[in-house]
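Right after this note come the structures.
In the two assemblies presented below, subunit A is common to both, partnered first by subunit B and then by subunit C.
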Partner chain A sequence: MISGQTLASLLVAAIVRAGLYTLSATGLSLIFGVMNVPNFAHGELYMIGAYIAVFTFSGLNLPPLVAILFAAVGGFIIGAAIEKSIFYPLRKRSERRKLWIMNTFLVTVGLSLLLKNLIQVIAGTKYRGIDHYWQGGLDLAGLSISVDRVVGVGIAIIVVIAFWLFLQKTTVGKAIRATAQDEVGAKVVGINLDNIHTLTFALSAMLASIAGASLLSLNPAYPTMGLMPLFSSWFVVILVGLGNIAAVPVGALIISLIETFAAYGFGSGWQRLFSLALIILILLFKPRGLFGSDVKGIWER
Partner chain B sequence: MQYLEKIKESNYTNPGLAVLIALAFVPLFISDQYVLQLLISAMMFGTLAMAFDFTVGFINVVNFGFAAFWGIGGYTSALLAVNLGVSPWLGIFVGMAFSAFLGFLVGFLTLRLHGIFAAVMAWFTGLGLMSIVTNWTGLTRGPLGLMSPMFFATMDRGPYFYVILVMAAFSLLALLAIANSKIGLFFRAIGQDEDAAKASGVNPTWYRVLNFTVSTGIAGLIGGFYAHFMGILTPSVMQTSQTIEIMALAYVGGRGSIWGSLIAALIFIPVLTYLQPLMELRLIIYGLVLIGVMIFYPGGISALYRRVFQVSKSEG
Partner chain C sequence: MIDLLSVNDLYVGYYEDINILQGLSLEAEKEQITAVLGPNGVGKSTLLKTIAGFLEPNSGQIKFKDVPIDGIKPYRAITRGIVYLPQQLTLFQRMSVRENLQLGGWTIRRDKETIDERIEENFERFPILREKQKQSCGNLSGGQQRMVDLGRALMSDPEMILVDEPTAGLAPNLSQQMYGMLTGLKEDGITILLVDQNIRKAIEVSDYIYAVELGKNKTQGAREEFSDVKEVIKDWL
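Presenting the complex of A and B:
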């Protein structure tokens, strides 16, 4: 039997994990919802954030929040550059819209290889970590949690809520949602689709980048660090339904609870198998995920 | 049936077999072990990419967990040899059968899914298989690696060269035979428009599962070759990055051609291995080639060949 103390610490660990999964999975879901791009390079955007943070924090000795801000802005700019240089020409050239999803998937696979190895050329394969952003731990009902984790989750929650408000309340946010629902309709009411696509990709890159930056003390920066967040983001997004942004936090919580408890019960090697088994079962019976999605893009039938 | 008639492609000659026949003479003139090693590697990946193309280029499903089946075939054969003393020559066929059986099951799993959902399902099943192989250390020794007996006692690469050459030729002929038969036509019909195919009387369930079984069976066979050629297996052969490498070859070769994948492997593997000291650079080239082909020339090598030699693709 699990003691109360252990249970509490497992729950806290799961919630911390869920916050960060939400942050990285939201961007993945957003790109799919708006652009219909299943992004395999999402983990590399996370990695870029971690590298920017490590260079501004340890390299330039700037305060932690500034480092994370730099990562956010850097991620945004790099995301916009990637969209303009790769997806924009691809969109202009692709004649058969039916093949768009799988073609862009392949392109993001290439992009992932490219970014991973460019970083390796620039920064080498060395692990570049930091001990901590903020020293010390918090005492929470008898549990000691490092301040870094608490701030990390705090950042995740604030960013996700801010992003949600942005999508709901602002004109630009509404334009993004309109594009996700109906591209032709959005065009008719005068929305510039090219700008919306660039903005969406940039925002998504920014969210992943913030996640990578705020987790730096737990996961040091190295070229292939993006694989784990890529897996977890995909697990979450497929579980709740591709493109369904609102349900991402729920999926993140489910996945992180399963993984945390499976790791505790069977060892951390097996945790992935449990979440995979669950997702495979759900895909079998509900191919569009737990909550489906109302994305009406260029769906493949 | 009109729909099916429209898809039917006139047979065009392809350079795949000619290249393999030419390759058969290579060991007679070149005894450089390094060159032979490169060509073995190229044929191995070429055959894997052909089997991959058999699924993506025909029924239009990306089997993103493909490398797992390659690994499963290798592990099956190696474990049989290590634990039960089964000869590798028999083991590779058991590995092929087991891999095909798993592919058959995954074929069912992905049945109702299309596009990215089918790809993700295959990917997750592949990750699951890899996770089992990695963590079941009592059986597979996990990341420590499983030593596997070699096919031949000699260190000479020549015999291995002919084994993989025969496997590649067999796979090429078998896959092309199916692709050019009525079954291949049904595959294409399902891949292009499943509803229209159904309306024409094609049963997608049976053909999709059949396609997966054949493709993963070949992956398993090559896995067996790999196990008894390298002498050691680690779960890393089942990684997604291996699938990506195979997929890149299939796409660069040109989807739906089968032979294009083989040619792509014979060009790219030696060139990129030659750049091995520049490891990152090699993968950057892979990335750029993949992006470039997708944006500028989605038809790949086989489309280029057809254009250059003016072989008509369809007459209707």
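Presenting the complex of A and C:
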């Protein structure tokens, strides 16, 4: 039997994990919804965020929030640069769009390798972690939680809500959703898709980057650190339905609860088995994911 | 007689050396309805897509108000005053009627006041949309969706509307309503270029008609000259 104390700390761990998954899966889902790009380099954007934070926090001795802000801005700029230099020219040359998903899948796998090796050249293979951004812990009903975790979850919640409001309330956010719902319609009203695609990719990279930066004390920076968040983000996105951004937090919570408890009960090597088994089961009965898909994918046109 | 739009010797195709339009020319006069008619697959939709900037011509000229516009981007066509209504509805199905109309004003998005005014004008034109403004477009009937589609196009205050098969799939009474709306727009000073399968009806509402065959001009003339519809379409059937 699990004691109350252990249960509580497992729940806290699951919530922290869910915050991280929500941040990174939201971006992944958005890119797929708007651009139909299955981004397998998403983990590397998370990795870049962690490195930027490490260098600004322990290298330049800047305050934690500034380090996370740097990671956010850096992620945004790098995301925009990647879109303009890789996906934009690719899109111009594949007007027929038949092989778009397969092509972009391969491109992102290549990009992932490139970024991993690039960071290895720049920063080496060493683990670069920090002890903590903030000293101390909070006492919550007899349970001690480090301030880092609390702030990490807080940042995730604030950023996700802000992002959600941006998509729902602002004209540019509406244009992003419009592009995901009907690309021809977006062109008909005069939205410049090139700009929307660049912005979307940049925002998505920014979210992943913030995730990598804000939980630095739990996950140190190293070149291949992006693999696990990439998998988890895909699990979440597939579970709730491709491109369905609203349901991402729910999926993130489900996946992180399963993984946290599976790791506790069966050892951390087994945690993925349970989340994957659940995904297979759900896809068998609901092929479009738990909550259905928002994407008008190119195969439906 | 002022030609708002002129198309001259236009060659367009989806592949470089296969042209669907093969030297098509036409003029659309200001504040009139000009119809382009012809059997399936002669390039009528291709023509509208090219004028709207969705396709680039391989050769030929398109002029709008005497300024060349061939090969411009769709969003530039809108800022010049041309709006395109594709045959398939392209509404944002999971957004409300109001949001769809707002996005119709994308090119003037910084001018919130004008956008609100034009939404109000649309509600006066289509009163049912006022009631349904908060509903998702996906939940509206086919006829109401057509109204949103047309309303969204009017948000940028276009001088010219390119309409592709506006009544495809509509019930007869709704078709009738649609043609009424197009005539209303013409009376409001909007120039319309209409592509239609419903030949009889299209001739009835149009001022000038072009018949197209295999990407080329076949015949043209004012409505009166097309009074004998049977004569015009006998080759197409």
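The rule we apply is simple: the second predicted complex is superposed on the first by the 296 of 301 C-alpha atoms of A that agree within 3 Å, B and C clash if a C-alpha of one lies under 4 Å from a C-alpha of the other, contacts with A are read in each partner's own complex, and residues count from 1 in each chain.
We take it that a residue touches a chain if its C-beta (ideal position, glycine included) is under 8 Å from a C-beta of that chain, and two chains touch if they have at least 3 such contacts.
All values derive from a computational prediction rather than experimental measurement.
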Should the pairing of subunit B and subunit C on subunit A count as a clash or a fit in the superposition?
-> fit
For A:107, decide between first (touching subunit B), second (touching subunit C), both and neither.
-> first
Looking at the overlay, what does A:121 touch: subunit B (first), subunit C (second), both, or neither?
-> first
Arrangement angle, subunit B at one end, subunit C at the other, subunit A at the vertex (C-alpha, nearest 10°) = 90
Figure out whether A:277 sits in contact with subunit B (first) or subunit C (second), or with both, or with neither.
-> first
First, second, both or neither for A:265, with subunit B first and subunit C second | neither
Does subunit B (first) or subunit C (second) touch A:192, or do both, or does neither?
-> second
Winner on subunit A touched-residue count between subunit B and subunit C: chain B
Partner chain in contact with A:175 - subunit B first, subunit C second, else both or neither = second
Just how close are subunit B and subunit C at their nearest CA atoms in the overlay, in Å?
-> 16
Looking at subunit A, which of its residues have contacts with both subunit B and subunit C?
-> none
Using the touch definition up top, name the residues of subunit B that touch subunit A in the complex.
-> 60, 62, 109, 112-117, 119-121, 124-125, 127-128, 131-132, 134-135, 194-195, 240, 244, 247-248, 251, 280-281, 283-284, 286-291, 294-296, 298
Listed in rising order, subunit C residues that touch subunit A in their complex are 54, 73-75, 78-79, 83-86, 88, 90-95, 99, 102-104, 106-107, 109, 152-153, 155-156
Sites on subunit A touched by subunit B in the complex | 38, 86, 89-90, 93, 99, 101-103, 105-107, 109-114, 116-118, 120-121, 227, 231, 234, 238, 242, 267, 269-270, 272-273, 276-277, 279-280, 283-284, 287-288, 300-301
Report the residues of subunit A in contact with subunit C in the complex, numbered from low to high.
-> 171, 174-175, 177-178, 181-182, 184-185, 187-192, 294
